[in-house]
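Each in structure tokens, the structures are laid out below.
First subunit A sits with subunit B, and in the next complex the same chain sits with subunit C.
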Partner chain A sequence: MLSKLTDSFRQQGAALWLGAAAVVVVAAVAAPWINPYYTRVMTMGLLCGYLAASWNLIGGYAGQMSLGHALFFAIGSYSVALLARLQDVPLVAALPIAVVLSVALAWIIASICFRYALRGIYFAVGTLLLAEIARILVINSDTLGRSQGLQIPAMEGARNFNFGSDLPFFYIFLAMAVALALFCLVLERCKLGYDLVALREQEEGAQALGVDTNAIKRMSFVISAGLTSVGGVVYAGLVRYVEPGYDLSLTITLFMVMGAVLGGRGTALGPFLGGVVVVIVQELLITVGSQFGTTSVSALAQMIYGLFFVVVLLVFPRGIVGQLLHRRIDRKATQGSVGATVEAS
Partner chain B sequence: MLLTLLLVGVVSGVLGGLILALLSTGFNLALGVSRVVNFQHGAVVLWAMYASYLLWEHTGLNPYLGMLFIVPVAFVIGYFLHRWLIARSLDTPEDSQILFSIGLLIAFQYLAQFFFSTDARSLTEESLQHSFIAGPIFLQYTQIVAALVSLVVLVLLHLMLTRTNLGRSLHACAQNPTGARVAGLNVEHLSAVALGIAAACAAVSGTALATLAPIFPERAFEYSLVAVVVSVLGGMGSMSGSILGGLIVGIIIAVSQVTGYGDLAMAIVYALVFLIFLVRPTGLISAIKR
Partner chain C sequence: MLNVENVSVRFGGLVAVDNISLRTATDSILCIIGPNGAGKTTLFSVLSGFLKPTSGRVRFNDLEISSMPAHRVSLAGVSRTFQIVRPFRDLTVLDNVMVGAFAKASGYDEARERALAVLNEVGLYKKRDFLASYLTLPDLKRLEVAKTLATQPVYLLLDEVMAGLNLPEQHEVAAMIEKIHARGIGVLLVEHSLAMVQRLGQHVICMDSGRKIAEGTAAEVIRSEAVQVAYMGVGNVQAA
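What follows is the complex of A and B.
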């Protein structure tokens, strides 16, 4: 019975992965032919999905809800903005710098937080406080452009993220998303992935099984932070502008969290789906709002977005993909044995 | 000179701290009784600020008289918000519930932005525009009145929580919801009442803050974070903790303002609270009580 169940679970997973692969191929082929506006929306959707999947490593798989990921995103975007001031240095060089900086910072934060056993709301608020401290410091720093932010001048050449059009960014984000999805797939099937599931379900239990929970929490926080900063670098290369009110705000963190929550925390594909849906919903709200010609459309769109958040959490507490996987398993579980619920998690 | 500055900082810090204490007492009560991390608390403060501003602008009513209308409305809104919406989120895991209340915060904050735009507004009530000078200490009436009103409400709240049947029932819910249910208490109703009282506290502190600071929508997030920070600093789920935390945060803010580091005041507070998180997650009050 149990083996049958795992088989069907694998089939279900395979169907999902095949569907995702088909979507990726269709999107990659169609991108040059469709309206640039849609390409732009899809690019932002992929970015949001990528960021959500990065957040998912610590917030989903490890179950430690970080609300401070804006910090790592901003390390990425600000290192591009600061490098742009130096002559002769290609902006691509921001990539290794940002990754090293954010990995180092994440290592320190994670070592401190998990050493002192910050969990649940304490970890969430603690990381939020760190991001807010960083925001206040940036707002008071002339080098970092205070609250006005920094402009990134247009520079020649692909090594300065200047491709002549925005289309290559679509492919960059697509490649990043595919790579990250494959990474998550591998992660789910290697020891770290199983350890993370054990940790998320019951920390004490995992410790009793010999899992060094602090080490794996730190590991996933560090990987998550590094990946997030890569997203920040490419984002800054695309929009050519950084400001603390966006790059370092709760808004950008909530983009990541929302994508992951809507798609399904702790699933490999969910955050990508969730991220794309979040961006599409926001774009729809703005488009529909501008039809009515209200001046404060964006405020209303943001308000509906907040309500959307609330409704999603009530209706799909496990997220779309999480719900799909779970429903299949629940149905099996009612027919089968208790073992099924274990398999589900 | 430095000593005088410190004295001024401490006095106005205590006054400001009392408002923060009231602000976070509401948050703390909801946390203790209903086990709700209500991040939307700051949004209620914001809406109370706008409500007292609008009442004052259109009728010329003194904001503290206007408060008598706003507080009951806030209580009813808080009560039904919990009954109809927040109570449902309690079935989801703890961290989802935080996100849920952040979603509500965003919704209410941007609803305010939709109606009132991002322009800052100031409530400048004529009868409160005087100041009190004693030697080096310079205080505005608005500060003194706001602090006194907060103090009175805190005392009333304390009496209500310790001397009345309702207060005892709320304590019972906070200590052991199952036990309270067994003893015949309507826990759902009491949780909603706690949220109502939280909203009422937010309304009072919102009115007080409206007379002191410019009003604009981003304040909602700021005040939510302040409520969390003050509660955690003092001790989650404890009223005396909120008061201690409020006074400490108020003094830090005021002292850094008078010494010229006002822009960094909140960064200092957040860093301090982060340290408290690490070494004493139960808050400062537990250290004193021991």
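What follows is the complex of A and C.
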């Protein structure tokens, strides 16, 4: 386990991981001292990074474009909201409930989709529609608060996510992000990690090498869904409000996809970087937009937002971290071939 | 023993494989020749579990592999390469082969060791850190073999691994195949190059329009009249 970690560390570019570790330490130390607004932005950045990294398991490593992940996020947040309406049940209980529910649902969805070889754009549209169906169900249900959503009443104690401040949420998301990054690091060294990437690159080629592609698609979809719902649970504890227009929207899915794509699909660190960048750019544009206070400026800000992603992806088609790692492989290969020529001559 | 019993494959009205039976053991190299569209690749797809036969069955020792999905056929020990190469383009050569090696290896270190040994065997060791997308066609064909070989097959099904290579390159690949076979791995080969068929084919089958039209040693099959007509177009030349 430890040797796996250190090996992977080396292959992935130790500099990248050391940089990430340094950022984590600095952020963890600085968080209580800086302006709470910045802590809040960092908290949301970490959440977005965590969600993007969860999506990355199915969308990045396995290459199956899910556009329905808002569904699993909402299972997390709505579990918290619904449980809050029951007396004497701590909100932490929402965590196992949400994970079990989303894992079960993901299992069913994956079994059906992959059984009938729904892939590429068909899988994307299928999952998108499932999330949309869930949104319509919520909008038409009194219990689920219709389109207004549900307020989560304040309850005493840490087990109800009531910490007296938002700062602990920063540390919770930080811990979740670090744990997930390490999980991905180990995954890249395991059979499952290799099989997922092989599946993404060439499905039949992977099958010919004994990879049960349907089983690993389902596996990664289920893990990804479970992790996403954990994000939803903690998020609901933080904002104390759930609504279909946010929790079940395409926007939340796109945050995950953009974070992962921007940072580097199928890399361990990329989605975290991408998620943080997505949130920071969004916040910057909102701040600038509100300075002027006119709707036309905020519309302009949205366009700049879109343009920003286009430019970044033109410069880094594999995402920021993806491009860095790729350059590393390139360098190593050319050095290798120079070495080979020298040996031969 | 790999045992093909009366296998037929129909796509709608088209009979791609028509009642083919054959047996082969690990101690021989079986060569399947025939004109384009004869059903050779379709037969390979049946043997490797990618296609279910319309009728008939394939048995590998006591396993009926024609009712198993492709990945299980591969794990059981019958592994194929693809005529149209299917590398994992965004992975290095070593990582490509490690995917195959992980099929039987217990962990990362073992898979890596096995993959490096296979790369040495097929002559790609020096290019192990290259991305597969940078390889030339002859190297991609070797990579196909390496990936499959890393799964430690009992039977290796090679689908036109020498197509597109010049004669010296073909002989290099043939030498590689002979080395692999000498390790006790059964080889089934779909091949067009008659020079290679004569060099490698201890047991040769010629297919045309899905049917088996000749079987025997390389010399017998190549000399037989049916093969001369169907494959080398001798009859057509005379008619013209």
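By our rule, the second predicted complex is superposed on the first by the 298 of 345 C-alpha atoms of A that agree within 3 Å, B and C clash if a C-alpha of one lies under 4 Å from a C-alpha of the other, contacts with A are read in each partner's own complex, and residues count from 1 in each chain.
Please note the rule applied: a contact is a pair of C-beta atoms (placed from the backbone, for glycine too) under 8 Å apart; a residue touches a chain by one contact, two chains touch by 3 or more.
Everything quoted here is computed from the prediction, not taken from an experiment.
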Of subunit C and subunit B, partner touching more subunit A residues: B
Which superposed partner A:Glu204 touches (first subunit B, second subunit C, both, neither): second
Contacts of A:Tyr122 with subunit B and subunit C, given as first, second, both or neither: first
Which of subunit B and subunit C A:Asp195 touches, first, second, both or neither: second
Contacts of A:Met44 with subunit B and subunit C, given as first, second, both or neither: neither
First (subunit B), second (subunit C), both or neither touched by A:Tyr305: first
Partner chain in contact with A:Asp212 - subunit B first, subunit C second, else both or neither: second
Contacts of A:Leu250 with subunit B and subunit C, given as first, second, both or neither: first
Contacts of A:Val230 with subunit B and subunit C, given as first, second, both or neither: neither
Residue numbers on subunit A that touch subunit B, as the complex places them: 63, 65, 112-113, 116, 118, 120-122, 124-126, 128-130, 132-133, 136-137, 139-140, 250, 254, 257, 261, 296, 299-300, 302-310, 313-314, 317
Residue ranges of subunit A touching subunit C (in the complex, touch as defined): 4, 7, 189-191, 194-195, 197-198, 201-202, 204-213, 329-330, 332-333, 336-337, 339-340, 343
Sites on subunit B touched by subunit A in the complex: 37, 85, 88-89, 92-96, 98-100, 102-111, 113-114, 117, 217, 221, 225, 228-229, 232, 263-264, 266-267, 270-271, 273-274, 277-279, 281
Subunit C - residues contacting subunit A, complex: 48, 50, 69-72, 74-75, 79-82, 86-92, 95, 98-100, 102-103, 105, 108, 111, 126-131, 134, 147-148, 150-151
